[in-house]
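One structure, pasted below without further comment.
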Amino acid sequence: MGKNRLEAFSDGVLAIIITIMVLEMKVPTGGDLVSLKPVLPIFLSYLLSFVYIGIYWNNHHHMLHTVHHVTGAILWANLHLLFWLSLLPFVTGWVGHNHFTPAPMALYGVVLLMAAIAYFMLQHAIIFSQGKDSILAKAVGNDFKGKASTILYAAAIPLAYFRTWVAGGIFILVALMWLVPDRRIERALGEHDSR
Amino acid sequence: MGKNRLEAFSDGVLAIIITIMVLEMKVPTGGDLVSLKPVLPIFLSYLLSFVYIGIYWNNHHHMLHTVHHVTGAILWANLHLLFWLSLLPFVTGWVGHNHFTPAPMALYGVVLLMAAIAYFMLQHAIIFSQGKDSILAKAVGNDFKGKASTILYAAAIPLAYFRTWVAGGIFILVALMWLVPDRRIERALGEHDSR
Amino acid sequence: MGKNRLEAFSDGVLAIIITIMVLEMKVPTGGDLVSLKPVLPIFLSYLLSFVYIGIYWNNHHHMLHTVHHVTGAILWANLHLLFWLSLLPFVTGWVGHNHFTPAPMALYGVVLLMAAIAYFMLQHAIIFSQGKDSILAKAVGNDFKGKASTILYAAAIPLAYFRTWVAGGIFILVALMWLVPDRRIERALGEHDSR
Amino acid sequence: MGKNRLEAFSDGVLAIIITIMVLEMKVPTGGDLVSLKPVLPIFLSYLLSFVYIGIYWNNHHHMLHTVHHVTGAILWANLHLLFWLSLLPFVTGWVGHNHFTPAPMALYGVVLLMAAIAYFMLQHAIIFSQGKDSILAKAVGNDFKGKASTILYAAAIPLAYFRTWVAGGIFILVALMWLVPDRRIERALGEHDSR
C-alpha cells in the first residue's frame, strides 16, 4: 500500500478535529460584548488545542515524508494516534466550560500524554519497517523533545490537582517548545547530550 | 473514470464519520471526575465504532488497490457501503446513551450486518468488472472472514434481546478477528477449508 | 489553475454535506424500538438526500473529467452549486422533523431546483470555456434528463401544497431517473428527439 | 516538504468551515413558512460568510500555485490564517442570531480583519522564501485590493456601533470587490498608482 491514502485520511481526520473544536464555542444568546465573557475560556482552550493539532499535523507530515512502504503496524499505529487526538475536542470543551478546574486539566494532560505515547509508537513502527539504515531514526536522533514532552505531560496530570495554572503553564510551555524553529536548539541539545 | 476521486471521496466520508462520532460524547456540565461517569459507556461504544471504521477504511483501501477502472456499479456499491457506515454514529450514540440495552445493541448489529452485506456487494461489483482473471477474486479466496462476520452479526441481533453482553462480545470478537494480522490465520484456515 | 484542487475541495464539501445530514437524526432518549419511531421520517428524508448528493457527486465527477483548464467562471459556478447543495441538510431536517408537511416539501423542491439551475450554469461555464469543439457539449447532447428534472422540481413546488405525496413522488422519480444506468435510455430518447 | 499536503489540509479545513456554518441554521420546529422567518437573518449571514470563504479559497489557491518549497514560516502562517477563518462560523452564527446588532457586527469585522492580516503575513512568508525574483511579489504588485480590504474592515469595526448597516454594507462591498473579475480593474488601478 502506498502512503498517499494514509496521508489523505490523516489530513482529513486532523482537518475535521481542528475545525469541529470550534463548535464547542456555543453562540451566546445575548448580543453585547459582555455575553461573550463565558465564551472566553473556551476560546483560550480552543486556541491551545488548535496549536497542538497544528504541531501534530506538522510533525506527522515530516515523519511520513520518510515512509515509502506502509505496513499494517504503521497503519494501526497511525489510527491509534488519531484516536487520542480525536478526543481533544471533548477535553478542550470540558476544560473551557469548567474554567480550567483540576479534573478537566488533568484529563487534558492524559489525552496529550496518550497522544504523545501513540506518536512515539508510530515513530517506532516506521523505524522498525525501515530497518537499521532508517532515515527517520537518524532524523529523530535521541528524540529529546519527544521524551521531554512525555515527561512534562505526565507531570502535569497530578500537578493539575495541586495548582491548575502549573498544569496550564506546562501545556503552553510544551507547545512553545515545538513551535520555536528547532534546528539549532535540537542541535545544541544534541551536542550537549553527546558530551 | 479514474479511482482517485472515488478514494478521495470515500476517505473524506470515512474521516468525517470517524470524527463526528466523538460529538456524541457531550461535554459534562460538572467539573469533577464523577461527572465523567455517564460519558463512559459512550466512550466505550465510540472506541468500538472507531475500530470498526478503521477496519473498514483499511480493507476498503486494500480492495480498491486492485481496481483500475471504476464502473457505475462499483461507484453505487461504494456509496451504498458509505450509507450504512454513515449510520454508525447514530447507533453508536444510541448504544452509549442507553448503556447497552437490547434494542440499541440489536440495531448496532443490523447496521454492521448491512455494512458487511454492502461490502460484499462492492467486492462482487469489482470482481465482476475485472473478469475471470480477477486479482481481487484470488486475493479474497473463500472469504472466510467476510462470511463468518456476516453470520456472527446476524446471530448477534436476536442474541441482543437474550443477553446483551453476548451481542457485545460478538461485536468485539469480530473486530479482533479483523485486527489480528491475518495472513497466517487466513492461510491456515484456507488449508483447513481445502482439506 | 489545475482542476485537482477544485475536485478535492468539491469532494470535501460533498463528503461533509452527505455526512452531517445524519446529525439531524437525533439519538432518542428511550432505549426501545418504539422510541425510534419519530426518527423514521428523518431517516427516510436522509436516505433520499443521500441518494441526491450521490447523484450530484457522480455527475460532477464525470463533468469535471472533461475539464482541462479551470476559469474564474467555472470556479464560481462550482461554488454556487455547492452553496445550494449545502442547504440540503437544513431542508432534509425540516422535512423529516415535520413529517413531510407542505411548506418543508416545497422548500426541498426549491433547493433541488436551485441546485439543478446551478448545475446547468456550471455546465454552460465549462462548455463556454471549451469553445465550439466542446467535449462536454457533445456528451451532454440535448440534456433531456437535466431539463426534465428542472421542470419536475419546479412542478413539485406548488404541488407540495396540493398533495405532499405527489411532490415526494416526483423527488423519488427524478432520483430513480438518474440512478438507472442511462446510456441506452438516453440514446433511445436522443433518437426519439432527433426524429 | 512538498505543498500537496499543505493544500490538501487547507482544502479540508476550508471545506469543513464552509459546510459546518450551515449547522447554525437550526431546523425550526414549526412546519409553515412563517417559522422560517427567524432563520432568515442566519441564512443571510451564512450567504455572506460562504462567499468570503469562497474568495479565500480561490485566492489561497492562486497564491499557493506560485509556491514550490514550503518553509516552516509558510506552514505556520497558513495555520494562523486557518485559525481566524475557523472563527467565522461562530461570528456568523452570532450575527445571524442577534439580527445584525452592533457587537456581533463589530466582532465579524475583527475576524475578517485578523484573517486579512493573516493572509498578508502568509503572502509575505511566501515572498520572503522565494527571494528577490519572487513570482508572487510580481503577481501581487502594490496589492491595492488587499490593503483597501484591510482598511475597510478596520473602519467597519467602530462604524458597527454607529450604524450597523454601514458595517454590513462594507462587508458586502469588499466581497463584491473580490468577486468582480479583477484583471482589468487591477491593471487600471495599477496604472493609476504608477502615475
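List of remarks:
By letter and in written order, the chains are A, B, C and D; residue numbering begins at 1 in each of them.
Everything below uses one rule, namely that a residue touches a chain if its C-beta (ideal position, glycine included) is under 8 Å from a C-beta of that chain, and two chains touch if they have at least 3 such contacts.
In this text the structure is predicted, and so the values were computed from the model without any measurement.
Relative orientation of chain A and chain B, expressed as the C-alpha superposition rotation angle, is 90° to the nearest 5. Two copies of one chain, chain B and chain C, form a contact in which under half of the residue numbers belong to both partners.
Centre-to-centre separation between chain B and chain C, using Cα means, comes to 28 Å. Averaged C-alpha coordinates give centres for chain A and chain C that are 39 Å from one another. In chain B, the residues that touch at least two other chains are 8, 12, 15-16, 20, 23. Of all residues in chain C, those touching chain B in their complex are 7-8, 11-12, 14-16, 18-20, 22-23, 25, 27-33, 36, 47, 50, 54, 57-58, 61-62, 65, 179, 181. Residue ranges of chain D in contact with chain A, taken from their complex: 1, 5, 8-9, 12-13, 15-17, 20, 23-24, 72, 75-76, 79, 82-83, 86-87, 89-90, 93-94, 97-99, 101-104, 107.
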